[in-house]
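Okay, got some structures for you below.
Shared between the two complexes below is chain A, which has chain B as its partner in the first and chain C in the second.
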Partner chain A sequence: MNSLLRSKGFIATLLLVPGLIIILGVFILPMFYMLMISLREDMGQGAWTLASYAHLFKDTYYVQILWRTVRLSLYTVCVCLVLGFPVAMYMAQATPKMRGLITFLIISPHLISVVIRNFGWVVILGNNGFINNTLMSLDVISEPLRLLYNELGVVIGLSDSLIVYMVLAISTSLYAVDSSLYKAAGILGATRFKQFFSITLPLSIPGIFAGTTLVFSLAMSSFVTPALMGGTSVKVLPVLAYEQMMASLNWSLGAAIAFLLLGSTIGLVTLFTKLVETKRYKEVFSS
Partner chain B sequence: MTKEYDVELHQIRKCFGSTVVVDDFNLQVERGECVTFLGPSGCGKTTTLNMLAGFLEPDGGTLTIKGKPMNGVPSNKRDLGMVFQTYSLFPHMTVAENVAYGLKLRKIPKSEIAARVNKVLELVKLPHLADRYPKQLSGGQRQRIAIARALVTEPSVLLLDEPLSNLDAKLREELREEMKRLQQELKVTTIFVTHDQEEAMYMSDRIVVLDHGRVEQIGTPEEIYQRPASPFVHEFVGKSNRFQVKLAATDEHLWHFATKEGILLQADRHSRQEVTGDAAVAYVRPEHIVIQEVVGDAPPPSMNTVFGIVRLVSFLGSIVEVIVECHGQLITVRTGIAPHLHLVENKFVQLSWDSQHVSAFPAKEA
Partner chain C sequence: MIREKKSRRPSVLGIITFFVVLMVISPLLIIIPTSFTSTGVLRFPPQGFSLQWYEKIFDRPEFIESFGFSLQLAIITAVIATVIGTLAALALHKYKPRGSGVISSLLLSPLTVPALIIGIAALLFFTRIGLAGTFLGLLLSHILISVPYVVRLVYTGLSTFDYTLERAASILGANPLRTFWDVTFPLIRPAVLSGCVFAFLTSFDNVTVSLFMISPSTTTLPMAIFNYMQESLTPLVASISSIVILLSLVFIFILERVYGLDRLFGSNSHAH
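Let's look at the complex of A and B:
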């Protein structure tokens, strides 16, 4: 007993207890309760039933919205990847001071509430917003472009709030690349272009992988941005779940939608992980 | 027949801001020659190599490889091979893919690539590691693969940037032997950068000694060691005993010097730099000093002979290093194992040397 108390493993476990209690209390238990609500009648008290799930798949409406949620998340991942990669590359070769400044700049919008930030986008993208007014006064367009309350608006909003995860993940994996590798590739005859595709890109795969997983999961589950920038026409699963619970008071269907969202996110991330973690990936990047 | 030069540097100059790091560097390297840039850190040797590699552009002068001017030509068009201190193998490629990288870029057919990769791996004696990843290899193996990768494209010039500095002593000796064998077998023109004089002597046909961005001397290892062109070279290459002297007299063959403490030295004037003015520095190498036991009282110092007390004896395997205090100055002596000499501390000894082994230079004006 004495030796058990003294063992490091025991003390470490003991230190985990407060955290575990919080996770169990505020995360696992409510989830479990939600699962019950989705599977039993009368707010999780009555008979077992799969009626809510059956409802989701009977009506193509829900499947269409699932597909839209996945599609918008994938667009967001692509935008974050294409816009974030150059920033990450620049950060990886910048001086530590510059690197700190850029990190601050890309994190600083997150110091403001997401609601305020989205209203900022409304001012910029709206029919009477900055972009449309500028383009119209320059006679480039005759009537305002629809940049808001459609899928484009949602992707713009999501990319804005999630790109930081992509940039930080990729730049972290690029810091680890020894700059003499580029010299070695250059001497062996590689142009800058070839160096990017044969050295930079393959060596940033762990960062791309981490960034993509983070951005995709967060985009799948985001609620505020699609609600504010998509309007009523671009519904996604989190918004739908909220409406079912808060407006229609159909908690059972709302909970089922939440689990559909969770299941598809986990499923797609797992599939993606399997695709990325090839034998070579494990040999090269596992420590 | 005129000589073919693979590398020519003409009045190469490089500045970082207002600091001149390389100045007036002139060198011609013959086909198949191994030339070493030797000097302390900050002497400009790596900067010059980087200019050859195309990582830096010279601020002045012309740089020619195989007769073609290279100023402004990017690294990937210079047809060079390079080995780095940090190995710089591509971690996401196997050994075979690393070696094949340069060949693939040259669009060589697959079957030929496989054959050439195999051949060069045989050359560095590691064909069994073709499918491993760099992190599964030891430091020595990694550097051999890096050498293979640099040689497989049959470059016009091989650049070696302190390739042995990250290896431990035993491996370093092994690998430098291997590199010399390869260099001589393949007759590849090589520029080798090191701060290690022993490596430089071992590897090179000629050594360029650099200090503060200036070429101090260019010569064969023997010339550099036997006839250093400047006090810097004398002190940097090999061990030397330094004497601060004043010129006492000059005759047809000899200079006569004396230190403040009364040590008298004679130096051959034959084919040496002229000593002008009063003050000078004179050097005698430790292995050129003969050490003898003295019985009885100390005689007064005579020409090229001093008396002193043994302060420290160190056994170095094939030789013994003795530090002797003479007139307040410590003189290092290296001698073969001599059983008849009982060299112990506080023993009274006589040191003498030949005038042909004394090198003298005019002292730098303060």
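Let's look at the complex of A and C:
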């Protein structure tokens, strides 16, 4: 008994068991069970069938929702990239103290519930909100602009919550750039413009790549922001999945939507990876 | 000439950075003044000053109850997830068991799947085994999404740990438990504490998993706010949110002091 207790393998197993039970019982098994429900009749008990998936692709309604989810996620990636890149560049050349401050300011809102952040956006973008009130009191507009409960509202909300991933991914790759490269380029007469395109941009590609895939996958699966800032008119896959599960109680369709969401996200990220890689290989071989 | 250009470049980037940081924090900053409005309309800038929307929280028992419930749930989740995650990280780092690569990716696997999908799968499975809508089901799902963060943080914390200290303690006659409490634990405490606070916030903020796990008697605060917001938008949401923001700030400052938010996020962003 004593030697058993002292055996390393036994202790390690003992320490790992609680964690593995949680992962298997609350995640791995449920995922397999959900797959069964999406693929078999009578809640995973009956005959094998692809009816739930066929249902999703037969109806243009569902295909439209899938396309809208992808499109809004792509818009979000673009906004995060355009706004996040300058921030990452600024952080890369700032003093460590400034860098720490920006990191803190950009991460800490992320630790407060997305419901509350979206509520803040409702106050800013609503008909009586900050932007409309300011513009109307300045007589720039006579009627409030519609900034909320449409696709614009969803993209604003998603960009706000996901830009942190883009900034951190790009800035991490820029921190690694040797600053003497800029000095050398400057001595050799390269303009700022030239330096950006031949040093900063190529060396930040891994960061851009990581940030893009991260923001895209997180945008594809967000539920709260489309529900609160898109209203009923902007339905995306996660909202559809929720409705099928909780309102229509069509669980086999809900399970199929979950896998459609997972599959389309993984598929598009893989496609993007392949495209980027083949392009990189071509560059290597042509030069 | 070059020097002049150098000082000019950060300023353009600096302005953009300033506006992006403003964009990220303004939704939270704007809520607090809004909560003191004296009118019933949600507008900014707010009109008048009153505490009426704070008093009105007490007229809505569902917010008080769900606030207490969320706190309880988050504390229990944080404690259990921290114990489970710390034990697993110790086992992986110290004993390096066979197949530890597979085991660690298994332990981190919930981070690779969207929370919404985890919630749907858990609802289906829990319905089958009779846990759907129970407190235990909700708790288990919150523990699941918190454990990977704890494992990651504690594992990273252990990377600087010197195991000769443990050997020294055992040579001097300390038993394994005593060695853990007196030598190992004090040295990894910052990582464990950060894991605990992060687990607390993960549970306290969660909507996407709770969505499928709650029942009328087990509604969390974010879910109560979410449901209320879908029906009506009043300054009441602002006053409740202000309280949550202030409470969260306390925990965020603890995290920043003990561990550093940049390190915390650096390790998370790779996991998604």
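Here is the rule we use: the second predicted complex is superposed on the first by the 254 of 287 C-alpha atoms of A that agree within 3 Å, B and C clash if a C-alpha of one lies under 4 Å from a C-alpha of the other, contacts with A are read in each partner's own complex, and residues count from 1 in each chain.
Basically, a residue touches a chain if its C-beta (ideal position, glycine included) is under 8 Å from a C-beta of that chain, and two chains touch if they have at least 3 such contacts.
Here the structure is a predicted model, which means the values were calculated and not measured.
When the two complexes are overlaid on their common chain A, residue A:116 makes contact with chain C while staying clear of chain B. Contacts of A:178 after superposition on the shared chain: chain B is touched, whereas chain C is not. Once the two complexes are laid over each other on the shared chain, residue contacts for A:203 go to chain B alone; chain C is not touched.
Judged by the touch definition given at the top, the superposed model places A:189 against chain B, while chain C stays out of reach.
With both structures placed on the common chain, the touch criterion links A:261 to chain C but leaves chain B unconnected. Contact comparison for chain A: of chain B and chain C, C touches the greater number of residues. In the superposition on chain A, A:142 makes contact with neither chain B nor chain C. On chain A, the surface patch touched by chain B in one complex and by chain C in the other comprises residues 186. Those residues of chain B lying in contact with chain A across their complex are 53-55, 74-82, 84, 86, 88-92, 101-102, 105-106, 133, 135, 149-150, 153, 159. Contacts from chain C toward chain A in the complex involve residues 2, 5, 9-10, 12-14, 16-17, 20-21, 23-31, 34, 41-45, 83-85, 87-88, 90-92, 94-95, 97-98, 103, 106-107, 109-110, 113-118, 120-126, 128, 140-141, 143-144, 147, 151, 201, 204-208, 211-212, 222, 225-226, 229-230, 233, 237-238, 241, 244-245, 248-249, 251-252, 255-256, 261-262, 264-266, 269-270, 272.
Here chain A touches chain C in the complex through residues 8-9, 11-16, 18-20, 22-23, 25-31, 33-34, 37, 83-84, 86-87, 89-91, 93-94, 100, 102-124, 126, 128-130, 133, 160, 163-165, 167-169, 172, 186, 192, 210, 214, 217-218, 220-221, 223-224, 227-228, 238, 241-242, 245-246, 251, 254-255, 258, 261-262, 265, going by the rule given at the top.
Put simply, chain A touches chain B in their complex at residues 178, 180-181, 183-191, 194, 198-199, 202-203, 280, 283-284.
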